[in-house]
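Look at the two complexes coming up: chain A is in both, with chain B in one and chain C in the other.
== the complex of A and B ==
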């Protein structure tokens, strides 16, 4: 073994131990609580779990909602990505960016925007009611259908982004070859494009499935009586049955791990095209005037529909408290809500807090992902499967659970057991954001590295460049699109995080989402919406910069 | 440092007033739900951040005592509060009565349900909106009232559960947070709810068209307490703040500005705001066995969640 390989192996072990300590260890500490009764180890709570009909219902609900969400998100996201990639029509670039915006709908108030929009007293239902002269509102935003609507809306973005990234790395020559062999458009799509897209689609499916499984707000708010596991866990905890809640959490985590295992093929698949060679295929310009017009119209209507929740939120942020009730549109407008935000320095601070927290967590997550990516894709160190598995694990666990796990693990001073007191300090929240960000950044880095031709790095090495120099001058610049895409998504996720923050924030790290919650508690929907709009604007700006940098790289 | 489920308005109000009296103390607070306070105090046991736990129903303070998160402190005003103290660890500062709430634009006061049983009237079928009772101390207390009554009258909870099943049949939806409850009531997605007096009064003051009725047969009054956290770093300041919250000045301030019903019974009649006098006149307080609720509550709620929720329409 060479010394380089030795050093890589050593770094690999250090990284593996670090990740195990940060990610797996807290989870194990918490999950075993479910097997501990007042007199030592017990299966009492497992039995209780198995006996209750509710629990099985909730687990089944989580499972099928997630599977259907994946299907719906794919049906929306994949054709959209294909449309924007293959055809040229007016407004293509702008619309292509706007379509990714559902990813930045802020927590809590975003759901309120849905209520104002599609709820039974929202505009859409009032409009339908008026159009068809109905006595009763045409629908209720409740139950499984409502959860699926919100999920499909917010999660098709994963499929969209992954498919676009996958398509972007296709080689135009493949199309020419297919065409010259006489394959029609459908046949090319079916036999050439889809097989090449498998890794991207698998990645999108995994991300959607995990997010949907761990989704809490949508079922919590729109579920009505519909049970899923995440809401069940919270209900059980609120009732003081902590052990049972841990068993429920374990069941959900196991379900996620099974999914991770089933879809591991998607992660492991090497890119058969061998990286980005040649040129991307030319855009197909749409020649027919009518078709152009139709496509443009379709594009704009689609973008409008997708942006309606954002626009509703913007509208709500200008409404004085308590004035908008049964009217179709707000009867009064004001700047007051925004002034509240600016005037009191105490209320502006959460914005700064969220900014530095999210930045720190993102930088750290990108760094770790980069090391892990290079070690497992290029150096292929022993234990790379474990490293990548650990990095993906935070997706599989609901945010609330991770927050509890971190808080439990780091509330005891036992340095020998690797436990320190971080609770109540500045460090716990950024650490939690970091953990939540790792799957996003590591997936981006791994995908980027796989698409990168190793012969470029070999060439640099054969030209005498040292490894650092190769990394700095060759690998990193080529990875930039992937890094930028990953880090902007990670930043936005941390910036708007609610479920982890609520357990872990302190006086000095109070993030913006908690300020939204605090306003909502006082029925200041307008102020909450104003915070939401600020959050949305910052996130959208980060995304825009990301998209710009990513495509320039 | 305070951990408190009271809203920002009230916390800012008391913070500023207290800091004027004691310029040497800088009051900081974090507002969060009562359950979150309990969770946090548990995690922070070895590195306590909070000094005072300000607010929440007595039942959840009981769980804090079980986990030995509190230390006894008897405030200067302890014997001025109405009712009997249930514990030496926490003392009530406000009373939070449960009420029947309704949309006052769609329903005139006289047509609103006047008692719990009237909410089950055919007229309100699918017009009732309920805050998810698993997550709310107020709702747990109302459920508790119904079930404790059932036990006292018939020896078990069967009748109470049957009542709750009929209520479930009337219920259009369970909302997950109070903000959604107010929005849905104001937007007339539903017309009637069960909720607490203080939040209805605050929403009224913010312009939402909500009204309330005290149930004729008596309502449950939640004692909203305050306690000193074990291991508090600023224990002197914390005691001073606890003493302040129960003082006539702070009680009246909270009553006037944020509609908190004072727990003190010795406030001069001419200085209490009008609404307090009105409430005292109209409110019928039901006898409530809090110990039974504290003991049985979780099992009852779990039964309700599994066997009653969603079954009333069948």
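== the complex of A and C ==
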């Protein structure tokens, strides 16, 4: 073996051990802790878990909410994608872009926007109350229905994007072949297009299901008496029943892994034809004038509905504290809320916190993903499957679970067992963000490396470029689109994180999401909304840069 | 004249780009027509206008006296083989072939029988349960053909049907395709940019340039009687040289070329008024000899062996480049030679009005 290969193998082992310690070890500890009582091993908490009705209900709630979310998201997202990416009519481009907008709304921000919009003291509710002179709010945004509403709104985007990509990857001649064989629109759709889109739809379903299973913000704010497992875990921990929380965490993890296993086909499914030949399908112009008009109208109504939460947030962010009670529209507006965010050091802190936490976590995640990617795709070191598996694991495991796992692993000092006290320090939160970012960045790096023709790097080597120079001058520049896309997604996720933050933050690291929550608790809706707008704007800007750079490669 | 399939004055523009320009063609029943032309000449667009995937800006498509211009592709009953075949990857071979038959309401035993018959036609009997991904390129091409022919369409359309096959396979497949189509007797239009293919498969060949029909005729006609300089140069090998038409002589047209005078005995040469003209010559219409009076003189710059003969490239003293065929080793690069019309030039020399500068 050459020294270069030796070095790669050694780095591979170090990386593997590090990832096992950071990702797998805390999960194992959670699993173990659930079976440990004050006098050694015990099944006490398992029994407790099995006996309590509300535990089963929470688990069942998580499951059925996720299944229904998948169905709703598909019913909205697939037809929309088909409409906007199969047919051509005025305004299609703009509207087709707007439809993907919920993607830039971090979960908690989406939830509070819905609260302001559809909540019992939100715009629509007040409007109805005012219109019909009602004494009471006409509805309460609570329980499973409210959660599903928010889920459907924020997650149809997955189906939309997957269907769009699936459509674009088809050979356009397939549509024409079906037509020339006498198949009408429906038969073509049913027999040809849908079957060809199955892999894409499967991908969308899996992503939606996992996201919904891990969803925390919506059930936390809107759940009321209705519990899903993520909120149940947090409640149990708040009660101090740490061991029971461990069992709950384990049950949720198992549910996620079983779902992943059942839907594994969706991840592996490839285009059965082995890639497209021919050209992507051309858009079908809508010829009938009335139909065009109807589609345009539909598109704009839709865009408005989709934009309403964003607009609501913006509007509320200008409302001075305590001025808006029962009027359908706020009576007064001010810049005050934004000024507070900048001027008041206590208010500005969470902004800076989220910025540095997300940046640090993203940079570290990209670095680790790069080393791991090069080692496993190019050097093909031993243990590369394990490395990539560990990197993907946090994707399958809900954020709440990782939060508990990290909090458990790093709450005692046992250096020999690889455990240190990080709880209550600055370091736990960025570590959690890092773990959650690893799947995103590593997937981007691996995809980028796979798409990169190795002969380019070989060419550089044959031109006498040393390993570092090849990396710096050839590999990294060519990987840039993938890196930018992956890191912008990672940054946005970390920047808006609520799930892990709520369990791991300290006063010094409190991020924006927590500040939104506390402003809301103090009925400071204007400030909460202003934070939300900042979060949304930064996410959108980073996304835009990511999309721009990602495509300019 | 009314044929089986008529294209009447078809025109199609894309955002101001003229793709098809007042194209008229008539096919008799069972005829096989090749659309030949350089890249971007509108071949594919013409085919898609026929299939109904594009709507013409003007003109009509008529089949069996039946105007189908506004008829959807679904209802046209035109079979099509796509350039990349567009086989449905999620259906097996049998299901692919059955697809069009099912549209016609064929079911059960009858369906199975007709699928088997269509597959038998392309020599793939018993392939019903194979997956598309398991087939070779040539087999995929034949499945696509069986699928198009299964519903017994009125017209068969083929877009560069052989372009996806490797050269060795192409020749064999071309022969099989010709036999099959003649056996079925279906009226066929196919697109190609290869002259060999057009000549070999087409009963007639339509030459397109920039969306316009330059000439349509049998391969023999196109070769021997090209309607214009473009066809003469595009179809078959040729080289061209500027000449001066002097007027009719005893046996043919007299032209002055690079200071010598030739009398072209060729009946095909259209009568041109005296003055500058362009002479397009097939390599076999010229012969090489020692520099002599009455011959154009030049230097051999290249020799290419093509089997029975060699092609010599001659740079004439007047600066023109001529391609002349001759016995394989008669001369070598560097030799000075004379060029004369060959004695049996039959159809190999054409005069056209000189190019406007």
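Definition applied: the second predicted complex is superposed on the first by the 343 of 553 C-alpha atoms of A that agree within 3 Å, B and C clash if a C-alpha of one lies under 4 Å from a C-alpha of the other, contacts with A are read in each partner's own complex, and residues count from 1 in each chain.
We adopt the following convention: a contact is a pair of C-beta atoms (placed from the backbone, for glycine too) under 8 Å apart; a residue touches a chain by one contact, two chains touch by 3 or more.
The structure presented is a predicted model; accordingly, all values stated were derived computationally and were not measured.
Contacts of A:510 after superposition: chain B is touched, whereas chain C is not reached. In the overlay built on the shared chain, the residue A:380 is in contact with neither chain B nor chain C.
In the superposed model, A:518 lies in contact with chain B only, and not with chain C. When chain A is checked against chain B and against chain C, the one touching more of its residues turns out to be B.
When the two structures are aligned on the shared chain, A:240 is found in touch with chain B, with no touch to chain C.
In the overlay built on the shared chain, the residue A:190 is in contact with neither chain B nor chain C.
Using the contact criterion defined above for the overlaid structures, shared-chain residue A:180 touches chain C, although it does not reach chain B.
Of the two partner chains placed by superposition, only chain B is touched by A:119; chain C is not. In the superposition on chain A, no residue of chain A contacts both chain B and chain C. By the touch criterion stated above, chain A contacts chain B in their complex at residues 52-54, 112, 115, 119-121, 140, 142, 220-221, 224-225, 234-235, 237-241, 320-323, 325-326, 404, 407-408, 411-413, 421, 423-425, 502-503, 505-507, 510, 518-525, 528. Note for the complex: chain C touches chain A at residues 51-53, 72-80, 82-91, 99-100, 103-104, 131-133, 147-148, 151. By the touch criterion stated above, chain B contacts chain A in their complex at residues 1, 7-9, 28, 30-32, 35-36, 39-40, 43-49, 63, 105, 134-135, 173-180, 182-184, 186-189, 202-203, 206-209, 298, 301-302, 305-306, 309-310. On the chain A side of its complex with chain C, the touching residues are 171, 173-174, 176-184, 187, 191-192, 195-196, 198, 271-274, 277-278.
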